[in-house]
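Scrolling down, you'll hit the structures one after another.
Next, two complexes with chain A in common: one pairs it with chain B, the other with chain C.
Up next is the complex of A and B:
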């Protein structure tokens, strides 16, 4: 490997990348936009359940409702409660009848009305219903003949739920890394399309030096931007070495993917056409972090899952090497395979 | 005696069923310009690609400066310059940046890009992006790029194709200067005038084969028909053409009789052009 030749090729590609207005703009705007969105998103999670209560007569047990996670506000009338729930001031409204205490004491059935907005999730409706039934049992002195104990599996996140913006960090990081796939694939396919590759191939440069240069510029741009973004949004304050390692492997994944795309694409249009479905697939694992429970085990066949999961675990839960080594190893394996296939495919195209 | 800078021995290449180059052999001496003349698709570019290591020959051997091209590709590349038929410059870079990139690839640390650009007539536009250049300027820059490493062997593939006469002439003068400093040049072209002007020898290529190889003079001697053409004034005052074949036993008498018996108005000798010769050899024209 001749470092002088690799250096010359890297400076050339760096200049060409930033002279392409589209990529220069996308690169700068990407980091700026993702950073702005990050800081605009809520930095904390409101874990309380706000409930409106209309009670002409307040049963004593209902006065004890201000428990952990349940915020009760008393409103003046049934009409005012309905209005407030409709406007979204409360997740739910509870309307007690005026004769509630008399009927409870007589052991008669009474009617408690729960109000919900039309878009209230079913689980909130169920939860509020359960709470009210339990309170009713408590009020009449007949607590349920069961004892419920809670056991949190994994870190107990009560009171410290991950804010939405921190859930977005891995998503943005992978967006930034994968955008470079498009840039590098375009640089390579233009080299072939404009036949500048032929001019390079009749110099003392060897093809492996060309790959080294393309690989370095691809990994450098993707890794540099991702690290810059993560540093700005505080994403590497926890477990920085693990996160940097994951981002570096992610940048290699983006570069290898670019090699593959460039080997089948002919110009900017076909690079874009190939890149979009590939990027969508690679971004899917981030959705699982944004919306927990939406993805199943199949997502583990996507290489970027191991990048996203590692960044998420390390940045948001402080996971250590012992927790993420398997992820990093699998990601490395995927990288080696994709780099190998990409280099072989591109070599054929250079001829 | 000059050594051979380029040796092609039974070189062949085919794309599937199509035979592009059909076992051709030739030698080019150091300091010589060999014109490769033939129509599009004759196999000139494929031959250049094999000689420059861009294509591995399917059969035969290519030697440059005594080195086997396929075995010593990197060493060969250090000694050659190639100007491709298609313009393949980095259009987003300036002319200086294009040349400096290639100078770095060739390890020429003390390279003076501006001097080379001046030599090809691009002074004053050195820092402009190449995308803003005219076709003629791009071709000049292509030639300049092929000279960055002061090559011992220079391959020029249609260097003046599509250029205006002034730009074409300027490139031809550069080619001659390069030859004057001792470089060997293989000039692939279908421009017979250019080949005639620049080449020490000419190889006619047709359908992958070399069908004739000699100096322009010898080719014309061997295949051409020389004649003397005259216009004479008749008794009625009208002009008539007379043609006397040269190089025959009757030629001296015929010329004497022409001047003795007729009133000659104009007279000139006529040589066969390379294109005439090519058509005579192959039965097809150079431009198709």
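Up next is the complex of A and C:
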């Protein structure tokens, strides 16, 4: 293989890519937009139900309460409680009557006032009502013969939940990588349509070198952008080598997909027409990271699942090689198969 | 301008259109997006904790849990199915109710419940679900709550669901995707293939061609706008008024598309301009997406005058007095755009109008 020829082709394609205003703009705007969205998203997760409490007489159960996920803060007056709830300091305000203990001891029903901001969702209102009712049951000592044994499935993330923006990272990384499919497929299909490929092949350049150059430019562009984005948003601070390997394999997947699309498309419009359904399919696995539990096992037939899952596990849970090697191996297998099919399909088109 | 020639050209556009990718794209994308948004924001982004139940007998507790507004309840046939759901995060907590559970509760026997908890579930969701289960069992046992509660709502801000906040964006995208893109690409394609030159050497004028292409954009935009509003059950109480606004919005979209078609010569450049210009077109939707943004910012953008009346009628139950001023501005902008297209044609000196 002649490295000089490959180098010349790469620099020509690189110049052509950025001469196309559409792809140049999409490339730059994509990274900027994803970075902005990332930093605008919340960086932490509020895990607790914050409730303000005004109690002229404090029932002991409220004082002793140490429930994870429930924060009860005492305020000095009913007026202060209303103000704090209106300002959004608490999800709800609870005002206990002065005679609560007497009535509970006498077995009489007592009335508790709950304050909510007008934009509080109904489910929160109901949940607060349920919590307060249970506290009242506990206060009067009403027994319930129940024994609950708990089993936590998966790593217990209490106190270290993954912020929504970090769940979005794999989605953005795959967006960036897969958008390059469009660029490379257009570059190749335009060359085929304009017959410049045929012109190139009558020079000393061989088909192998042509694929090596196209492959390098595709992988380079996709991988470079994904790494840049992940570096900006701190996505490679944990397990950098695993994430870089996954992104590299993802870039190869995008390049192989571009070969396949270029073999059937003729121009920008048909590349777009073919690419959109392909992109949608490849993006589906990242929805499962963003909204856990929404996808079932069938998602594992999509090659990008192994990229997304590896990035998610390594970046958000610090997973090591032992945890993700199967993912990387399957992704490599998919890559080899798609590259092979893509090269064969393109070779036919060159003829 | 000849109406006969315009109708012949329009018929050709209508026959050829469905075969073009961009027309299919303009039809399919808003519908898919609308369905995704209602799916994601209707149920998946709900803050309600999710509880899974495996009922080995036929407990009343399952039906009671299903009635709760604060919890989403899902039933599973086997423990392993439920454990799988908990592990994947489909539910925050899963419990197994043993056979004869209700009798045990009623007779005051000691009950054992195994609760499987998803490791990534939030602490507040775990607390809410735990307390809810205990409350349900108390209810099942016939225990009477020792307290009554009165809920008082403070302030006058209204909680706007995300699906409603996103509706303006979907409507804008629907109206402008078809209305703008289809005429713009059609003109640019004809320029690239030089068929426009062939047409204008016949008695057909460039005006006839642009009107025909613009009409296709208006029809597509209008039909898709109606479909999307119907899909989102947002047609409101003033359908005639809404149609008037949709027509004016569709005309604006088609005019912007024609203006781009006249000014831009290559498909790739058109994509680039639309990609950047899209930010300006869809900017007013952000005012509705994030109510914290002052509404005056939206007024800077021309598409605001199309989307404000639609939102006012479909989501807020508004009428003519609430939208009159913006509708007049929208109609004025439509006229200004016609002048802009004519000026662009003259300035680019491509074809005689």
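Basically, the second predicted complex is superposed on the first by the 266 of 351 C-alpha atoms of A that agree within 3 Å, B and C clash if a C-alpha of one lies under 4 Å from a C-alpha of the other, contacts with A are read in each partner's own complex, and residues count from 1 in each chain.
The rule is simple: a residue touches a chain if its C-beta (ideal position, glycine included) is under 8 Å from a C-beta of that chain, and two chains touch if they have at least 3 such contacts.
None of these values were measured; they are calculated from a predicted model.
Q: Of chain B and chain C, which one touches more residues of chain A?
A: C
Q: Quick check for you: in the superposed arrangement, does A:137 touch first (chain B), second (chain C), both or neither?
A: In the superposition, A:137 touches chain C alone.
Q: May I ask you to decide whether A:341 touches chain B, chain C, both, or neither, giving the answer as first, second, both or neither?
A: neither
Q: So, A:199: does it touch chain B (first), chain C (second), both, or neither?
A: So A:199 only meets chain B here.
Q: If you stack the two complexes on chain A, which partner ends up touching A:104: first (chain B), second (chain C), both, or neither?
A: The answer is second: A:104 touches chain C but not chain B.
Q: Answer with first, second, both or neither: which of chain B and chain C does A:113 touch in the superposed model?
A: So A:113 only meets chain C here.
Q: Touching A:8 in the superposition: chain B (first), chain C (second), both, neither?
A: Only chain B; A:8 stays clear of chain C.
Q: For A:284, select first, second, both or neither according to whether it touches chain B, chain C, the two together, or no partner.
A: Neither chain B nor chain C is touched by A:284.
Q: After lining up the shared chain so the two structures overlap, which partner does A:264 touch, if you call chain B first and chain C second: first, second, both or neither?
A: Once the two structures are laid over each other on A, A:264 reaches no partner at all.
Q: Output the chain A positions appearing in both contact lists, the one against chain B and the one against chain C.
A: Shared contact residues on chain A: 20.
Q: Residue numbers of chain C touching chain A in their complex, please.
A: Interface residues on chain C, with respect to chain A: 21-22, 25, 40, 44-50, 68-71, 83, 85-91, 108-120, 122-128, 130-135, 137-138, 141, 143, 145-159, 185, 267-269, 271-272, 275-276.
Q: Help me check something: in the complex, which residues belonging to chain B touch chain A?
A: Residues in contact with chain A: 52-55, 74, 77-78, 80, 82, 84, 86, 88-93, 97, 101-102, 104-107, 145, 149.
Q: Which chain A residues qualify as touching chain B in the complex?
A: Touch residues, chain A against chain B: 4-5, 7-9, 11-12, 15-16, 19-20, 194-196, 198-206, 351.
Q: How about chain A: which of its residues touch chain C in the complex?
A: Of all residues in chain A, those touching chain C are 20-26, 29, 45, 47-49, 67-70, 82, 85-86, 104, 107, 109-127, 129-134, 136-137, 139-140, 142, 144-159, 161-162, 267-270, 272-273, 276, 291-294, 296.
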